[in-house]
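Here subunit A shows up in two complexes: once beside subunit B, once beside subunit C.
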Partner chain A sequence: MSAIILLTVFGIIVLYLGFAENKTILAPVAITGLVISMVLSIKDWGLGSKYFHDMMIIDNFSIAFNVSMLIITILIFLFGINYYKRMEHHVAEQYALMIFALTGAFLMTSFSNLIMLFLGIEILSIPLYILAGGKKSSFRSNEASFKYFLLGSFATAFFLFGIALVYGASATFYLPEIKNYIAQFNGHLPPMLMVGLLFILIGVAFKVAVAPFHFWSPDVYEGSPTLVTAFMATVVKTAGFAAFYRLLGMGLLPLPGPLEKTLWVMTMLSLLVGNLAALNQTNFKRLLAYSAIVHTGFMMLAMLSQHDSSASVLLYYTFVYSLATVPLFIIFIHMKRASNGLEELSIFRGLYKQKPWMAVFMTILLMSLAGLPPTAGFLAKYRVFILSISRGYLAISIFAIIMAIIGIYYYFYVLREAFSESNDPNPIEITKLNAALIIVCGVAVLLLGLFVWTVPI
Partner chain B sequence: MVASIPYITLAWLVPAFPLLGFLITGLGKNRLKHNQAGILASTMVALSFLTSLFLFFTLRSSGQESATITLFNWISAGDMKIPFAFLIDHLSITMMLIVTGVGALIHIYSIGYMHDDERVNSFFAQMNLFTFSMLLLVMGANYLILFIGWEGVGFCSYLLIGFWFKNPEFNYAARKAFVMNRIGDLGFILGIILLFFTFKSVSFTEVFTQAATLQAGAPLITLITILLLVGAVGKSAQIPLYTWLPDAMAGPTPVSALIHAATMVTAGIYMIARSSILYNLAPITLNIMIGLGLATAIFAAIIGLRQNDIKKVLAYSTVSQLGYMFLALGLGAYSSAVFHLTTHAFFKALLFLGAGSIIHAMGGEQDIRKMGGLRKKMPITYLTFLAGTLAISGIPPFSGFFSKDLILNHAFESSPILYILALGGALITCFYMFRLLYLVFFGNQRLDTAHPHESPRVMTIPLIILSILAVFGGFLNIPSLFGGESGFSDFLHKAITSKVTEEMGASTEIGLIAASLALLGFIIFMAYRTYVKKSVIPAGDKESQSVFAKAISNKFYIDQIYATLFEKPFGFLSDFFFKQIEIKVLDPIIDEIGILTSKLGDQVRKLQQGIMSFYFFAMVAGILLFIIFILIV
Partner chain C sequence: MILIIILLLPVITGLFLLLLRNPATVRFIALGSALVNLILTLGLISTVPSTTYTIDSTHFMGTQFTLGYDGISLIMLLLTNLLFPFIILSGFTRAHIKIPVLNFLILFTQSSLIGVFLAQNAFLFYIFWELTLIPVYFILLLWGGENRRAVTLKFFIYTLTGSLFLLFGIIYLYTWTGSLHTTDFSAFNQLHLPADTQTWLFWILFIAFAIKLPIFPFHTWQPSTYTMASKQGVMILAGVMTKMGIYGALRFLFPIVPQGVLFWQNTVITMCLIGVVYASVIAFRQTNIKRLIAFSSMAHISLMAAAMFALNYYSLQGLLFQVISHGVTIVALFYLVHLIQERTGTLELPQMGGLKLAAPNMAILLLMVVLGSIALPLTSGFVGEFLIITGLAKQSIWIAVFGGLTMILGAIYMLYAYQRIMLGDENPALSKIKDVQVIDYLILIPLIAIIFILGVYPQPILNLLEESVNSMQKLLIPANEVVTLFLR
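Right after this comes the complex of A and B.
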């Protein structure tokens, strides 16, 4: 709990530091806050403390996810030092809003009451609507922000409606009580409860961009400032899945047949639609948006294959995915700057000639996303498949494996560009810090793949 | 780690030295000078030899029979737990001493022999890699590590046969060796899988402990042993998979000496001797081995009679001698087979290195019809080659006499017919070896362009050392008839369970030896009369010969038969599959799948055009469909 409170306090401090002229202290202060919060989180390991009449449970599951999100946010802030250097105004707000969003994410990992989940999602979402429009002068950034807000509120409405319906049927917001209530029907739920649960699931599915509720993500990912996109693709997705898992894996599963089938349909649609749309994609940010939808499908697979190890597999997958995604966005930022604002895949052309080490680390990161050994991405996918096959979902696992193979095509399409010759290469400038961070991420992805096969929860 | 014997854990050093040598010479092949690579590689193998020697004395003084050194847990999946472990016992230490000892001598010899070659550094890197693999093969404590070494030596053999890869024929020979070995390896892999399936382990100790409880002649054991035998037949060049070995002479001569005479080709013998407990339970397999071994021994010896390439003669003689070892294995006299393996390693390495020295002196000429009269020009080579020839012919007291005599005795115990056939093969061996010796060293020099000279000391000293071993190596295992103690066999009996142990009556044995000696003497005299007195030079390939002689000269057309029976049908099939199936059926299908997926992708992308009203429409449609679904189903 102290971790959440401290995070909020630091968010406010960073916000007010914006009055100071000195932009350079923002990132260090923000990162200090995150580190302290991380230490406080880890101190609670194993305690399983409950707050607010059991509306929040901070157990090992939430701590593990919180720490993983803190690590990724610290990474994003470190990259932010360079990224926000060019920004004249409102830099403090950027850091502060991300910290606030993270607070919402913490609520999402530790709720046991639907109202708490709703609060978490909204505290996470509202800063994101603003962050998406962070480039005030950019038309596309504004468009992204507005689209995200409209579609987001639409989904929130459904989510809230779902909570209302479930409350109307069961007269409770508490997950365990709802589960008991469902259990007494023996699989034949009254329609109100059924629809209510469906709306809740759809609300969360929208947040993690599961097909067919994914339409917002490519547009928003493309229009938002790239660092915000990286935040959305990693931390927000992790938070969404932590919430999803608390709701289902630790809460409502096994659901009645039709509802579970609905979730399986969503899983397969995500894998299929994401892959197909990514195949001929020429914009790098949209490509990663679609690839994120595919990864959502794999995470769904891990979550729906209920087993004691599901949470661990899910955490490993989200963390490894985030660890590869963030530096890829950063490499993209540098390429975009070098090519005067283009976002096409062709801007990577000639990267190997100019910065061989960068191309090599990009290869490692993309290999991890594609799930090729010896990277951690391979191990993450491997564990998901082992889990789902051992739970008997053979057909879906085979389908997912085929989808993983298709994915290699578009990841390697990017690589082909990076390793081919460019006619008029633009000089790529990169700070030592960013270079070091990219290398650290690449090495971490390799080492995790080779030596860390499992994470404790 | 079991460390009951002090310092025995140092065993890992034995393969580590050549591996280190391989890494240094391999990675630094562009920076090292020619002599440096050779000296380094030789030093590494010599260090391995010294370590093996140390282990030998440690093991002997400890009084224990074996030690297992586990380096790390290699595979651990479900029931399968396979440690990366070495087994040091009397059998493996014998093999280690042969591999590193003979190997070191051949490495040193190669410094001189390969001196003028451009890629000498790569040569030494590959030789060291071979030594490393061979050591894994003989030291591994389970079938899987044996198999790694098995494949490793096969791969190095491929590289080294095709070492002069600019000659397409040599490449073909390398490929042939590789493919033929693969056929054997398939059987070997299946055998290991079946072993694991049966015993739930591939470790030697566990398999043999469990096998001891099984009944002899069980079909499963017979199948396993036959599958393993297929592997051994491929690697040790027995009928029907022997044809690669004569062609393998395309490699540099030290390679032929090390890989295709002294060590790699004996891997099959080692593996069967190692599995003696299994083979004792499979009398059918033992009988097959007797048949195969004897047939190979005689068949290859007959072909050897009319070969005119000095290395080909030696190659066929190797095939033939390996046949004797298989015969011994089939008779259940495993330690005799290993003893013959040992003496053979000495005298055959010696003969090959001698041949190398001759080829070196003749400026690359390998045809014995063009040699002659080298006795005076190359006295050291002559004397050492003579020692080798006497040894392989089985003249007492040279080493080959003791080992071959042991096998012949066992054959006699089994049946006199076996003995007569085996003795016949030995007599043929004696004839073609002396034919070779006389043609090369006696008479007059027949090639005017060559200026033979004695080889440098770096080559002759290994020859001298090997000739000492070839002469006196037999004394390791003097039978009781000559007042010896059969020390070598006793030493091995702790690691090998031989089937036959009984001693023969001394009078029978003396009779047999006397008879064979008389015949040998006669044969040598015949050869002398033909090739020295009458100075008969074997006919050229194109001159008319009798049908039988022609058949022998053409190696009984086995290569051609294999080509018609296997190569052509397979070639036709693969041609058909490539031109008809792949190009016309599979390729278009695969392409079409790709194109279709890509088109589908374009369609999906069209859904996403940034129009908000459509997004809302799609979301609501999705929600409605799901609602209908959950309420109806």
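Right after this comes the complex of A and C.
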């Protein structure tokens, strides 16, 4: 709890530091706040403390996810030092809003009450709506912000309506009680409860961008400032899945038949739609948006396999995915700058010639996303498949494997561009800090793949 | 410990090479490392191949890091370490860009290939199996020929498709081990899966190897990839990587899904024989020498795959002998093709002819390799293919007849191609080319010597194979049990 309070306080401090008109101190202060918050989080490991009449339970699950999100946010802030250098005004707000969003994410990992989940989702979303419109003069950015806001509010409405219906049926917001209430029906739920649960799931599915509720994500990812996109693709997705898992694990499992089928269909749709759309993309950000939808499908697969280790596999998958995605966006930012603002895949041409080390680390990161050994991404997919196959979902696993193959095509398409010659190469400039961070991420992805890492949650 | 050294020496040398700048130093160090590995392997073979070397390290990718070898692994190890010095040496002739990177990738490939052949654990096997693909992908992408970007991607996706099904198979087998929670081959071999599971699991496992070999309907990546690959790339692909398919099939299919093998035996043999005839006929129509040899290689590999599924002593012995023989021959053949291309600047048969007048020594060397390739008596190809045909004849005379077409059709298209390259009237365009030089002799003479020595005196290898075939028959005991059950 102290971690959440501290995070809020630091968010406000950073916001006020904006008056100082000194951009250089913002990132260090923000990162200090995150680090202290991380220490405080880890201190609570194993305690399982409850707050607000049990509306929040901070257990090992939430701490593990919180720390993983903190690490990724620190990474994004470190990259932000360089990214926001050119921005004249409102830099403090950027950091502060991301910290506020992170606070919301913390609530999403530790709720045990539907109201708390709703609060978490809203606290996460509202800063994001603003962040997505961060480039005020850009048409795309405005479009992204507006689209995200409209569709997001729509999903929120669904979600709230679902909560209301469930409350109407069960007279409680408290997840364990809802679980008991559902259990007494033995799988044949009354329509009101069923519809309510369905709406709640739709609301969460929208946040994690599972097909068919994914339509916002490519446009929003494309239009938003790239660093915000990186934040959305990683931290927000992790938070969404933590909430999803908690919702299912604490309240809804075992799912009633129709709902489980719905979720399976959504899983397969994400894998299929994400892949098919990604094959045709020429814009790198859109490509990563669709690839994120595919990864969502794999995370759903881990979650729906319902095993004791599902949570730890999910944590591993989200973390590894985030660790590869953020530096890829950063490499993209540098290539975009070198090519005067283009976002096509072809901007990667000539990377190997100019910066061989960068091309090598890009290879490692893309390999991790594609799930090839010896990277961590392979181990993550391997663990998901172990879960699903050992639970007997053979057909779906084979389907997912075929989808993984398709994924390799577009990741290696990007890689192929990076290793081919460019006609008129512009110099790629990269600061020492960013270079070091990309290398650290690449090495981490390799090491996480070589040395197994499990958190008992 | 010696296995660890053999496994890691190439890749560590390769990493060291990345720090160097001088091309000559890089080449000599790479060659030296490959030679040391060859000597270590020969030393390993001279000792009794019975021990399994194990390191228990559960924290390596969550699995046991178990290395070991039996007869089959040894043959594959010998082939890999025998060919890599030549592959590295063949890079001495031409000035490439980024020599350290190229040699690093080649040595990296060598390490991962050795890993594939030594892994005693299916998960580890899979890691190395995939790992081979990555350096090869970059060798093809960065040093390949015309249209390399599209072809490389196709090759990569094609092979990965198979691999991922293999991964599915491994995880599925893992779930069958139950409370053991292991992917060790020794545990997999004890599984005794139900027959209907074996029939479908066979294809899940086999598809990866069928693509790698490649056999008939899965071969479409092969000709274009071979044709555009650089000299060293194609040598690695054709010489060693195809053997991964044979090794994998022997490791996975026969001990783990014996009833599946028996069930699909005739189907696969038929596919292989279609491949033999199909590849031979297409090879005959090629005008590009490299493409021609790619198809000829496919015909020979298909014959070997057929031998593998004939499941008897002679065919297995022939198969393993042919692993060495085909590897050596195809590497020599591709080296010569590239030599011709470097000298004449073309690969097209119609533009050649009369080369013998300008380069008589090259003509002699090519003739000897071609004879080895078409399995003329006194060459190693003859010993291998004769044993294979004998084995096939034990299965069915018709299989042997169609299998034998490899040799007959092979003789036709290879000699025809030889005739169009070397013989004929003096060709004014090619009259000024240089003949074979010292470096070419250094590569070709040892390879040709191996071809002929093994052809005349195959006993040392056959003795070594005795061990291998015995160990393989140990693997095949479950299958044989089923066979006898079936016959009764």
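Keep this in mind: the second predicted complex is superposed on the first by the 454 of 457 C-alpha atoms of A that agree within 3 Å, B and C clash if a C-alpha of one lies under 4 Å from a C-alpha of the other, contacts with A are read in each partner's own complex, and residues count from 1 in each chain.
Criterion: a residue touches a chain if its C-beta (ideal position, glycine included) is under 8 Å from a C-beta of that chain, and two chains touch if they have at least 3 such contacts.
The structure presented is a predicted model; accordingly, all values stated were derived computationally and were not measured.
Novice: Since both structures carry subunit A, what do subunit B and subunit C do when superposed there: clash or fit?
Specialist: Aligned on subunit A, subunit C clashes with subunit B.
Novice: Once chain A of both complexes is superposed, is A:Leu151 in touch with subunit B (first), subunit C (second), both, or neither?
Specialist: It touches subunit B, and subunit C stays clear.
Novice: Should A:Val195 be classified as contacting the first partner (subunit B), the second (subunit C), both, or neither?
Specialist: The answer is first: A:Val195 touches subunit B but not subunit C.
Novice: Output check: A:Trp216 vs subunit B and subunit C. Expected answer is one of first, second, both, neither. What do you get?
Specialist: The answer is first: A:Trp216 touches subunit B but not subunit C.
Novice: Could you look at A:Val39 and tell me whether it touches subunit B, subunit C, both or neither (first, second, both, neither)?
Specialist: Neither: A:Val39 stays clear of subunit B and subunit C.
Novice: Based on the superposed arrangement, let me know which partner A:Ile408 touches: subunit B (first), subunit C (second), both, or neither?
Specialist: So A:Ile408 only meets subunit C here.
Novice: Out of 315-323, 333-341 or 351-359, where does subunit C run into subunit B after the fit?
Specialist: Looking at 315-323, 333-341 or 351-359, the stretch of subunit C that collides with subunit B is 315-323.
Novice: Please name which positions on subunit C make contact with subunit A in the complex.
Specialist: 58-62, 101, 126-127, 130-131, 134, 137-138, 141-142, 149, 152-153, 156-157, 160-161, 164-165, 167-168, 171-172, 174-175
Novice: Show me the residue ranges of subunit B that touch subunit A in the complex, using the header's touch definition.
Specialist: 597-598, 600-605, 607-608, 610, 612, 614-616, 618-619, 621-623, 626-627, 629-631, 633
Novice: Hey, which residues of subunit A end up touching subunit C in the complex?
Specialist: Residues of subunit A touching subunit C: 356, 367, 372-374, 378-379, 382, 385-386, 389-390, 394, 397-398, 401-402, 404-405, 408-409, 412-413, 416, 419-420, 449-452.
Novice: Would you tell me which residues of subunit A are touching subunit B in their complex?
Specialist: Residues in contact with subunit B: 143, 147, 150-151, 154-155, 158, 191, 194-195, 198-199, 202, 206, 212-213, 215-216, 218-219, 257-259, 261-262, 265, 273, 275-281, 406.
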